[in-house]
Structure formats: C-alpha cells, structure tokens
Amino acid sequence: MNGGGVEVEGLRKVFGDKTAVDEVSFTVEPGAVVGLLGPNGAGKTTVINCLSTLLPLDGGRASVAGHDVAGDPSGVRASIALTGQFAAVDDVLTGRQNLVLFGRLLKLGKAEAAARAGELLTGFGLADAADQPVKSYSGGMRRRLDLAASLVVSRPVIFLDEPTTGLDPVGRQEMWDVVASLREKGVTLLLTTQYLEEADRLADRIVLIDDGKVVAEGTPGELKKQVGGQVCEVRAEPPEDALRALRGKVDNVEESGGLIVVRDADGGTLADVVAALRERGVEADDIRLRRPTLDEAFIALTGHERKETAS
Amino acid sequence: MTARTEAGLGNLFGQGLLLAGRNIRLNSIADTVSTMVIFPIIFVFGFLALFGNLLSVRGIDYAQFLPPAIVVQWMFSVAITAAFFAASDRRSGMLARYRALAINRGAVVVGRMAADSVRAVLAIAVIVATGYVAGFRFQAGPLAALGFVALSVAFALTISAGTSALGLASRDPESVSSTLHVIYLPLLMVSSAFVPADAFPGWIEPVVRHQPVTAVLDALRALAEGGPTAGPVVKALAWMAGLLAVFSAAAVQAFRRAT
Amino acid sequence: MSTLAETGLLAGRNLRRFVKSPQLVADSVMFPVILLFLMLLVFGELVGQASRGAYIDRLAPVIVLFSAAYGAVGTGVGFFADLRGGIADRFRAMDIGRLPVLAGRIAADLARAVLVGAFTTAVAYAVGFRFSQGPLAVLAFFAVVAMFAWIFLWLAVVVALSASSEQAVSGALNTPVTLLLFLSSGFVPVEQFPGWLQPVVRANPLSLAGDALVGLSSGGAVLVPVLFTAAWAVAATAILAPLAVRLYR
C-alpha cells in the first residue's frame, strides 16, 4: 500500500447541465488532516462521494491509498471509512446492535464484533447508552456512534462529511476531541466543513472550494497570509475623530461597526497610526496588530460572504 | 490484509442474510403483527361477510375464491413496504453508507429480497390459515400448494423490484408509498381478484381478463383448486419474467445513482 | 385573546396547511374518488342486481362517510405531531391555551371532512348520484357527515393523546375504521350478511349514518337513522370528550 494518502487531479463531476465539481485537484499526505472548506452547495460532498466510489467521475482522476477510484473501487472501499452527512445509523436498533452489524458485515467473528463494539462504545462515551435504541440518543451521541460505526474495522483513510453540522457547542467540542485523537493515531483524514473555525482548528491544510472550484489551498496560516498582511485595529470612542485623524496619513482605512480597521498593515503602519492619532490629540482605547481571520480570508478569496445555513 | 470482504458468493449470501436480519428488525413487532397478521384476517373475513352471499348466488364458493386475492393484495403491500424502506434508507444515508462499505455489491439486494420473502411467507401463512377456517382448501396436493406459495413470493419479489426502483429514486418514503397505493389499488381491483371478470361491465372486461394481476390470480387459483394448471402458470410466469426484466433494470440504475 | 378567537386562528392555520399541501389534498381527495369508481366498477353489476335501486345512491354516501372516518387517522397523526413537535411548546410560549390547540384541530378537520365530502358527491354526480330531496335535505346531508366525522375525530384525539408513537396512532385507528367499513350496510345490503352478524351491521354508526344520507339524497327513511346517528355522536362526546380533556392536562 502506498501509505494512506489521497490524490485528486482535475476531478470533474457534472449533474445534468450543472458542473458540481470543476477541475478540482489536491493532495492529502499520509497521516495528514485536510479540511475541505466551503459554503453549502460548493461541491464538498460531491468530492467525498466521488472519492468513496459512490459516484463515477466525469473527468480527471483520483486515488485513495494507492487505489485508483475508477479502476479499483473495491480496493478503495477496503481502505476507507466514510462518515456521511446524516449520521446514518438505524434508529430502532441499539448502539451496540448497530456496531455489531457493521463488524459482522466486514467479516469479524461474532465474539470479535461484540468485543470491538464494546471497545468503541466505551471509547466514544456511549457505554451507558449502549443498549438503548438510537432514537433516544442526542444529536451528539448519534454523531459519535456514526463515527464509531465507520471505525469498526481500522482503515488508513477516513472521510468525514460535515461532522459537526447541526450539533450544539458541547456536541461539537466532543466531536473535535474525537478527531484530535484520530489524528494522533496517524490516520489520514479528509473532512468537509462550512465552519472556518473548525477547519482552522482541526486541519493541517485547508482546501477552500467555492462553486465547484478550488479557490485557495494551504495551511490556515498561509491562507490568512494570502489575504494580505496583517490588520491594524483601532478602537476609539467616538470613532469619527480617530477616522479623521488617520485619513490621508495611512492607506486602506475602513470603519466597520465602530471599529477602525487598517488592512495590509505592518509594524511601520502601527507606528504611523500611533503618530497620526497623537498629532491630532485623539485618544484611542485600544490599538493592536493581528493576522486576518479566516472569515476575512474567505471573503477576500471568494468575493462573497460565506452563506450561513440555518441551524 | 484482512479477509476479502467483497467478492464471492459466500460474502453475497453471508452479508445478505445479515442485512435481511437488519431489514426485518426495522419493523417493530407490534407493527408486523398488526399489518401482517391482524389486517389480513380482517380482510379475509370482511370480504367474506360482505360478498360471500352475493357471489354464492352466482355459484361461486367465495371462501375458495377469495384467499388468493388477499394473498396478492398482501404481496403488493410487501412490495410497497420495500419501497418505503428503500426511500428512507436513501434519505437517512444508510444506503450511501452500505455502498461505500467494502461488502459485496449484491448484498444489499439479497438482504432486501430475503426480508421481503420472509414477510411474504408470513402473510401467505396467515391468509391461508384464515382461509382454511372459512373453508378454503388446497385441492391439488402438496406440490401444487408449494407452487402456490412459490409463485406468490416470486410475484412479491417481482413487483418489489419495480417499487424499489421508485423508492431508490426518491428520498421521501411517505410520498412514495402513497403514490404506490394509488397505482396498486386500481391494478388489484380491476382484476379478477374480488369478483370474476364477467361480473364487470362489458366494456372493461377485456382489460380485466388480460392484465398481469389477473394472470397471477388465475395461476394461483389453478394451483389451489386443481384442474389444468400448466397454461395459467406459464402465462403468469411469462408476465412476471417480462416485468422483472424491466423492473430490475430500473432498480439497478436507481441503485447505482443513489447517494 | 379569547379562546374562541384562538380556536378560529388555529383552525385556520390547520386548514391552510392542508390546502397548501398538494400531497395531502391529493391523498384525501383522490382516495375517495378512486375508491368510488373502483367499487362501482367491480361491484356495481353484482350489487345492483341484488338490491333495489342504483348502487351509486348507496355507494356515494358510504364513500363520503368512509373518507371522513379515514381522515380521522390523519387527524390523530397530525395531532400527535402537534403534541410532540415544537409547535405545541411555541403556542404555550405565546400564551395560547391548550384547549384552543385541541379545538382548532377538531374544527379544521371537521371542515376538511365536509369539504372532501362535497367534492366526492360532486364527482359522484357524474356517475348518476343525485340529491332529489330539496336544498334543505342537502344541508342536512352535510350536517350528518359532520356529525359522523365528529365521532371519529374525538376517537382520534383520545388515541393520539394516549399513544407512544406515530405508527401506534395510525395502527390503533386503522383497525376500527376498517372493521366498521366491512361490517356496514354501506357496500352491500344488510340482508346479504350472515344472520348472526346482521345486528352488528345494523348498529354500526357507518350503516346508520349511511341510511340517513341515502334518505337525505335519494329518498327513504330519514328520521330514525338520523336520530340513531345523533345518539352515537352524543354517546361518543359524553365518553370521549371528558377523557380527552383529562388526558390533555
């Protein structure tokens, strides 16, 4: 096996007259965590579906753990675990029954499947609810069981499609902890998310896609840098005086929501800002230099704000 | 590497049976008892009470005539349930999960067929037993009786292929099953199920005589009552083979596209 | 807001949701119409020969009643969803009492039963059904439909309040509705039933209301069947309504 990486080259997928995925290329190094970040409808799930052999490719090529997706789909399936968007577990069965079924389907013996189910239920904090039907589980518990179901047999590559969509903050934090522990085990992870914060936290590299195309790629830090240098924020009450003081002295000054933002700033800019304010005798409550947030990077790279989905 | 989990007949049937067990467990026991035991009994006695006297005037022993019709009705119900679960497995993401799992490609289909067969056999047993109480008899020996059961199950699986194609193409189990009810009701009623073809108005009699549900009913009645059976059974099998070819092609297409 | 106004508001909401859902409208309107045509086709000749008068005169009223009873299954399931879903909580937060939620559901579904009945009889006109007893009898016809629906709506509400799942609601309601349909004089005359069953068939509210509707549309006895139907409605209200209100608290 060629490690457990994922290589995608010029991937295309067309539905009717809509190109859902257009010339998408990226690589996930073995053992790395890559976040596929984009708004709803960007084509993230379609990429995952193509890589997990659910959908045939309409162009380009992709390989998972050294197996070509089109040429050796069963090799791909034997190397992956897929956790889809909908927490696909059977409601009327108990957590344990769900896990045992997946173990048995993948040819574990009866005793082995039962032991593995027990281990996973304990590992995912579901031991107390193990013999309750899944319909009594909370959203977070369902999600964890869903992920446990895909880990019944260990695989080098795991796809996680929007693992925290629809979860409350507690459920999200629990899911993040689980992902962190997977990464420690050296599993290759490709996850999709609409949450910038999530990609920032979990992923080594981010592939930003919008409207079926890769818009940017890099580490979270690189993406932030790509948007331009740092940002200087000035908080003053009222902001009008400070704004007047800065206009003409410093470039790229904007005001939004009572906060003055100077884009593309560096240490020199900071000195200029301080000097300009002092010259007019304006007192600032706070002046600081920071890296742009991923939200700002998103807007800068895609040209629009990310679409919030109703939650 | 671990054991091969995709190729081979062993995997097909082993995994198919596991999935059949899962499919059967999706129906609660209370629900199965009500739809597969209580309701068939109500329908057998209900139709007998309603139309028994009316048809005996025409020289028809309704207790002998009716049970095959109720059997066919319940084979439709098995197929509609199959469509309901196909659509809900698609909506819930279970189908995608199975398709991305390293299991035999046909196991999901075998699992569905085996579960449908179990439900079909249960319904047939209940209906035939109820019919026996009312006076229904297999008059052509045990082999013909076995043929009766086999043909009924084969019919259930045939239409199940068609309804599942519809179910797999949808994500809305409720609307799939209500659409299928609207289709099946006329197909069943405008057949020789509840009254013989000659009791229909003349203009629609040819339709009644030559539609597939009537062909299956004629074969089932021949197998139950004796007399010439080869002709009706061959005709029913021909219809079913044709339908199965169309339905299974549609189902395979829908299965491959379902994510 | 007064209880009455709230009831009206919620009934309006339920009715609008019904009218705006093509699926629901198709299900509840198409089913009786399809059944009407099929029954006529399959059993028209047979029953026509065995009874006096045209089959459609009897069949149309029975289908109207059956769809009203069958619609109560939808009421049960819908009310169960109201109780379990967030809507009931939202209403409570909006300081709408619990009684209007219940009454609003019943009022809307009564209106729905009458609407579906009106549509079914209109379609039945095409195949020979007629109102021949004057306009007052037409009004009385639909009043009997509402009275009959009323019995089953309360049954549906009680079932919805005591059931544990949606499936249980529809299961518990489908069984009695189907039994009543089979054991009624709606599809075949009473005399065609085995002797020992005939008293059951005669006492069945579906038979009684059916007789009343036949009398009010094509002629025949009216007073006695209407009184008996009313007796059923009063009995059902006396038993089921207090039970429902108690369960609801």
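Letters A, B and C name the chains as they come in the text, with residue numbers starting at 1 for each one.
As a convention for this text, contacts are C-beta pairs under 8 Å (C-beta built on N, C-alpha and C of every residue); 3 or more make two chains touch, one makes a residue touch a chain.
Heads up on the chains, UniProt names are A = Daunorubicin resistance ABC transporter ATP-binding subunit; B, C = Transport permease protein.
Predicted model, so just to flag it, every value in this text is computed and none were measured.
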Query raised in the report: For chain A, which other chain has the most distant CA centre?
Result: C
Report task. Find the most central chain, measuring centrality by the gap between its CA centroid and the centroid of all protein CA atoms shown. Result -> B
Query - Separation of mean Cα positions, chain B and chain A [Å, integer] - result: 46
Query raised in the report: Taking each chain's centre as its mean C-alpha position, how far apart are chain B and chain C in Å?
Result: 31
Query raised in the report: Using the average of all C-alpha atoms in each chain as its centre, how far is it in Å between chain A and chain C?
Result: 53
Report summary line: Contacts with two or more other chains occur in chain A at residues none
Report task. For chain B, jot down the residues that touch at least 2 other chains. Result -> 28
Requested in this report: Mind listing the chain B positions that touch chain C in their complex?
Outcome: 28, 30-31, 34-35, 38-39, 42-43, 45-47, 49-55, 57-58, 174-175, 178, 181-182, 185-186, 189-190, 194-195, 199-201, 204
**Report entry** chain B residues within the chain A interface of the complex
**Finding:** 1-3, 5-7, 11, 15, 18-19, 22, 25-26, 28, 91-94, 96-97, 99-103, 107, 259
Query raised in the report: In the complex of these two chains, what residues of chain A are touching chain B?
Result: 49, 52-55, 74, 77-78, 80, 82, 84-90, 92-93, 97, 101-102, 104-107, 149-150, 153
Query raised in the report: If you look only at chain C, which of its residues touch chain B in the complex?
Result: 23, 27, 30-31, 34-35, 38-39, 41-47, 50, 167-168, 171, 174-175, 178-179, 181-183, 187-188, 192-194, 197
